[in-house]
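Below are two complexes that have subunit A in common, paired first with subunit B and then with subunit C.
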Partner chain A sequence: MVRLPYTTALTTLFSYGLLFAFGQLRDFFRKFVDWFKAKNVKGYAPICLGLEDFYVRRLYLRIQDCFGRPIASAPDSWFDVVERTSNDNNKTLQCTSNTTRCLNLGSYNYLGFAAADEYCTPRVIESLKKYSASTCSVRVDGGTTKLHAELEELAARFVGKPAAILFGMGYVTNSAIIPCLIGKGGLIISDSLNHNSIVNGARGSGATVRVFQHNSPAHLEEVLREQIAGGQPRTHRPWKKIIVIVEGIYSMEGELCKLPEIIAVCKKYKAYTYLDEAHSIGAVGQSGRGVCELLGVDPADVDIMMGTFTKSFGSCGGYIAASKEIIQHLKQSCPAHLYATSMSPPAVQQVISAIKVILGEDGSNRGAQKLARIRENSNFFRSELKKMGFEVLGDNDSPVMPIMLYNPAKIPAFSRECLRQKVAVVTVAFPATPLLLARARICISASHTREDLMKALDVISRVGDLVGIKYFPAEPPKIAEADHDKLE
Partner chain B sequence: MGRRGEPYYVEAAPPVDVNKNTEWFMYPGVWTTYILLLFFVWLLVLSVSGCSPGAAWTVVNLAHFAITYHFFHWKKGTPFAADDQGIYSRLTWWEQIDNGQQLTRNRKFLTVVPVVLYLIASHLTDYKQPMFFLNTIAVFVLVVAKLPNMHKVRIFGINADI
Partner chain C sequence: MDMALPVVNATAAVLARVSAAFNAPLARAVVFGVHIDGHLVVEGLLIAVIVFQLSRKSYKPPKKPLTEKEIDELCDEWEPEPLCPPIKEGARIDTPMLESAAGPHTIVDGKEVVNFASANYLGLIGNEKIIDSCIGSLEKYGVGSCGPRGFYGTIDVHLDCESKIAKFLGTPDSILYSYGISTIFSVIPAFCKKGDIIVADEGVHWAVQNGLHLSRSTVVYFKHNDMASLASTLEKLTRGNKRAEKIRRYIVVESIYQNSGQIAPLDEIVKLKEKYRFRVILEESHSFGVLGKSGRGLAEHYGVPIEKIDIITAGMGNALATDGGFCTGSVRVVDHQRLSSSGYVFSASLPPYLASAAVSAVNYLEENPSVLANLRSNIALLHKELSDTPGLEITSHVLSPIVFLKLKKSTGSPTTDLDLLETIADKVLKEDSVFIVTSKKSNLDRCKLPIGIRLFVSAGHTESDISRLSSSLKRVSASVLSDY
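Up next, the complex of A and B:
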């Protein structure tokens, strides 16, 4: 739930209308300019129907330089951003050989494992020498090494489930598993702000998909009651199974899921639960075990727990943790396990080492320090931004904080001006977020020092004033209040 | 608009609509923007051409007819190619909004706007021909296109699939 000034809503809608109108006008004239160009592919259907790529061509490409910026170093708290130039108004971009050293506020580097780490990197290099960069084989063939077995057991233990299975890619973990768990005749109820991978998996499964209002256990109950009473679409037979899919931390909102209430509703109506902890595993919770630990939910109550290794562990790939029977079924039926190359052994070793650091099994308390630091950093940053008058979403303890921009013109303005001041931020617009709610998303890391955060706050405050995104009144500084009290 | 000097805030709950092409219509401020846009275009037409107010409203009504007919009832599909896998590629925008539900508040509002424009334009031109005839055609086509019985109907195969 965001609160925006009414005039901002009006001006944002008007701006998008203007952009749309200009895009249509340009398309109209382009039709005339291209009328006389030779069409040498007679009889073939066009690749895109007229309207399909409108958004990409006329809106996205105009501010293309704010997205997908290449970097030239490891994504640590400071990194090198490659400068790009364009000769044709951002339609194509060319990389130059210059780089700028910027503060990294965009990488999902929650625990600081993205750059070389004193415990993980030597072990990764050793495993690279021993097992080579790729097994060049599928898991069921010759692709399961000792490391894979160790990580599966370690991931299950970390999360609190009996067994786990690994995949080489985080997106594929959702989109290839959901079709193995449910098919035609089943019902998937997913949160309205779920990630594209879940949407893709749900569509690919063939089950009926229903959406419930973001993070609203009351609406979930309403949808469940309606669907259970109605049954399957035409035949009205009872559903074969019902799975409710939610995420731990929603990456565009920074919000935590209302997990205890949702689990209670699901248990009442006997629906299965699937928790996607891509952003919360390793980043929240007393010992980094994710949103279950933070909210006091027993992992045995969630049927399937999914997570990725890309964010907090500095590696690649994903895992599913569930009961032994489910994992056994997945190992025999999931195409991502049976036909995809297994995870690269050094990447597996990185995750094993990262989990050992987090659990403290490497013999030091760096893991606990990192967890405390990320919690402190996130809470400090969020409260300071709120005090300055920005509209910041997300709950306390969540390392993801979106700053609302709303107006489409403020997206490139904020992004480019911050880059000029050597702070790299990620801005997100339609269609990744709803139309009115464009935002700049800040991801705090345990490797950010207090000086880094102060610099970031200073730059963001100045740019925020320039761009005009301090929608709430700023809190007055504390000194004025103390003086006022003295006078009384 | 709220207490003196303080902006008036509205709450924007993310809508449940999965179709990115139509969910922007569920937000607060959309109806007001639409009405304000029509009003400002009328002012623009008046100031640029210097014609009578009634003729300006007729121009606005006919332009509104052309634009809304093209974008609501002619263009099919969505501006995002890969994201929705083409499940809406046979539906016009009008058929997509509110997930295909008929007679919702948004639909009722959008049906009333051409009628109100017609009444204003006809009244201010004193129901004289030829403006009256053109305005009547505009409102007739737009209102018929928005009736619930016309959902997914393609008369004489006009605008039928690709």
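Up next, the complex of A and C:
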């Protein structure tokens, strides 16, 4: 958890207060200007009333150039960022035709499959010529090809469950599956920092939703006991079923979930578990099989395992792996399976090839090399950043590392300065994180070499000094003088 | 009598004391000329009684929270339902497996068949130019885009695709989504919040219903494709309702309804919308690239200027033969979605090769508008040939590329209807190698779908394909439905 020192909290609140005050002042003047020219068509209520988009207009637009940067090449470890200019003080941005070659610390490219790969790309092109870019129909009609069946089997085998089902988009996987499994009269207990897709799925299902403190099995037990003893609200009938939803790696914290304890609690109270491994499948674990392998949990203990193919496999789409009965039930009733266009065949082939590389079934040991490299890279990077005095969140072995910024002015400062020195980072603020806890998030990839990481550390250290985010005292360099020289 | 004497003596003594107290000088008073003795004592006693009663707490049964032992017992006793219901006997679970591209002719389970189950309206599956542009994209960008649009997932092909679609339709800007079905159920909650009013057709498909449910607004349904019902609903909602001016109001319709093949009469809807001041959200997945002289959709078909429709969404998995979706409208509409549409902000962006496929598909449509004429003649031919099928009737619009066949006489129960239709589809596939499908329904769907056979007509079908289909259907339905 993040410990916020008092002085930092005060200065951050003061900065936000100042921005808010200025924003209100400008809104006040804008009211006068708008009074003369009526912008909205008479009789229609405006799309956003008053304060609904205050944050967007007055805070976000000032630093708009730090987000949504277009790129002109594959999102590999080095890529071309398109330069943008603005004539009206960042209200609108125009792309120029200049690009800068930058080090990529922002894309979800954990195993390095993002760009054209020597094993995967020829096979993808072959399947494109054979099956074309899309099947134009839903899975149950004419959208199931041999590739889809092969991938479902392979994904189930990779994760360690009896059967799996595929979807074309990770977001839809969560929002369309949860309503199939639970409905009115059921209870969903989800972690307080779960992803938006899980929140939408839970809301769409009609079940009651309760939240437990982030990653705290003790609080989960408390909530379970209270809810089972109390029953449904107002009628006190017993709950029909209870599902507990957690994620493998939380993308904004970089933390691993305390899976063994949570599974133990759920087993004791007969609740079902749903594990969302969007960021952890393929990226952690001895052979890339996710948090279950890393923390020593038997996949048979988790009822439903969900994952996406976007991050570690360089493709798109999502899957659910569970027992044969659950998968059959989903194939008959899940709306995303019955109404949505099936996954594009070349993307399916990319995942099949990527999984084969990871398992070593392509005849080389590139998979094992990639897994070892990402683990080494993440641990090295995290320990170096901590030594320099940055406040870095997350557990060891996790390739996601947020660096705390806190102050709203440091967000654009850090982002723009790093870009000027040819390192592309991602900064995240409200509403994706709590208001006071803005951060820069680094995603390490297996395709980063040691030189790339040293350059990144160099730049981040210099920018960190400039911006003032080394909240902890730096460790004096005691062991390797050579390393210290490189950092200077 | 012996016992009575001491009692009498005791009471006499008490009475004497009490009368002495009453006759004490302080306790005497004169009220309206009447002597009252000892009143202070009585008043004192009364006050004492009142104070005593007030100070007592009212009776409440004591609240005992559950003890830990009781909670343990309850937790042990509780039995959850199984996570999924048991599979019904005889439910269909196997789907036909394709072994080649889903064009007008495809290989299903090892056999070559004529394919009427893919929404490949313009016949673009297998088009050389599109495949070449995809190969170029794959070699340059790889497959996935590895990030959401806000964090280095915006690739220049996305921006090209958005401007190409906006230029094609004549709108200021457009926004791309990474999956067809997620477009509409992200757009609706981005614009409609709690307290807004939405008037929707009751035949909209599941994705629209999900979007309406997630938006938490008040939703009122009107009869499927019935303009009189729409007018009366709008009248009822706005008459005398002063507050209606300040809240946002939307009408949600589809251009070609996926569940029934009807086409929404856009000119009347626009007239009603302008009269009652509602905004229109039009879902054009099956009419983009199909209707209109040059394929620009429903607005061109009816001659309505595109600016009058506030929000247009479409999935690109049909006519354009790629995946993903887009939404277009005024600059304000599109900009608002870039920050508040959950399917755009929280999800990885569209794979770049699909975006370049979309660009090539739109280019192809602009250069070869004759493909639309092929599609239309195929639909007309199909209508003519199937008009005399025994036991089945066409219930979709004459211009809709989704041709819907329903049973002329229903057996009474939806399950037997569906069984009959599935038997017909199976036989047609096995005996004549024509691939057709029935309509499928999820149990989460709130729409009362008509049950029927859905045929997707493509511009790539030849006349012989269509005659093969019609003769096969006529033969099989005659034999299967002869008993009904």
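Everything that follows uses one rule, which is that the second predicted complex is superposed on the first by the 476 of 488 C-alpha atoms of A that agree within 3 Å, B and C clash if a C-alpha of one lies under 4 Å from a C-alpha of the other, contacts with A are read in each partner's own complex, and residues count from 1 in each chain.
Quick note on the criterion: contacts are C-beta pairs under 8 Å (C-beta built on N, C-alpha and C of every residue); 3 or more make two chains touch, one makes a residue touch a chain.
Bear in mind the structure is a predicted one, so any value in this text is a computation, not a measurement.
Novice: See if subunit A has more residues touched by subunit B or by subunit C, and give me that chain.
Specialist: Comparing touch counts on subunit A for subunit B and subunit C gives C.
Novice: Go through the superposed model and pick first if A:Leu437 touches only subunit B, second if only subunit C, both, or neither.
Specialist: In the superposition, A:Leu437 touches subunit B alone.
Novice: Per the contact definition in the header, classify A:Tyr44: touching subunit B only (first), subunit C only (second), both, or neither.
Specialist: The second partner, subunit C, only.
Novice: Output check: A:Leu13 vs subunit B and subunit C. Expected answer is one of first, second, both, neither. What do you get?
Specialist: After superposition on chain A, A:Leu13 lies in contact with subunit B alone.
Novice: Which partner does A:Val33 reach: the first (subunit B), the second (subunit C), both, or neither?
Specialist: So A:Val33 meets neither subunit B nor subunit C here.
Novice: Taking the superposition on A as described, I'd like to know which of subunit B and subunit C A:Ser192 touches: first, second, both or neither.
Specialist: Only subunit B is touched by A:Ser192; subunit C is not.
Novice: Quick check for you: in the superposed arrangement, does A:His214 touch first (subunit B), second (subunit C), both or neither?
Specialist: first
Novice: So, A:Arg203: does it touch subunit B (first), subunit C (second), both, or neither?
Specialist: A:Arg203 contacts both subunit B and subunit C.
Novice: Per the contact definition in the header, classify A:Met169: touching subunit B only (first), subunit C only (second), both, or neither.
Specialist: second
Novice: Pick out the shared contact residues on subunit A: the ones touching subunit B in one complex and subunit C in the other.
Specialist: Overlap of subunit B and subunit C footprints on subunit A: residues 48, 53, 56, 196, 203.
Novice: Contact residues on subunit A for subunit C in the complex?
Specialist: So the residues of subunit A in touch with subunit C come to 43-45, 47-48, 53, 56, 60, 67-76, 79, 81-82, 95, 104, 106-109, 113-117, 120-121, 124-125, 128-146, 149, 168-172, 175-176, 179-181, 195-197, 200, 203-204, 224-225, 228-229, 238-243, 269-272, 303-304, 308-311, 313-316, 325-326, 328-336, 338-341, 343-344, 346-347, 350, 424, 426.
Novice: So in the complex, the part of subunit B that touches subunit A is made up of which residues?
Specialist: 1, 6-16, 18, 20, 23-24, 27-30, 32-33, 36-37, 75-81, 83, 85, 89, 162
Novice: Can you name the residues of subunit A that touch subunit B in the complex?
Specialist: That would be residues 1-7, 9-10, 13-14, 16-17, 48-49, 51-56, 192-193, 196, 199, 203, 211-214, 430-431, 434-437, 471, 473 of subunit A.
Novice: Show which residues of subunit C lie in contact with subunit A when the two form their complex.
Specialist: Within the complex, subunit C contacts subunit A at residues 66, 70-71, 74-75, 78-81, 83-87, 91, 93, 95-103, 106, 108, 115, 117-120, 125-126, 130-131, 134-135, 138-147, 149-156, 158-159, 178-182, 185, 191, 205-207, 210, 213-214, 245-249, 277, 279, 315, 317-318, 321-323, 332-333, 336, 338-339, 342-343, 345-348, 350-351, 353-354, 357, 435, 437, 440-445, 456.
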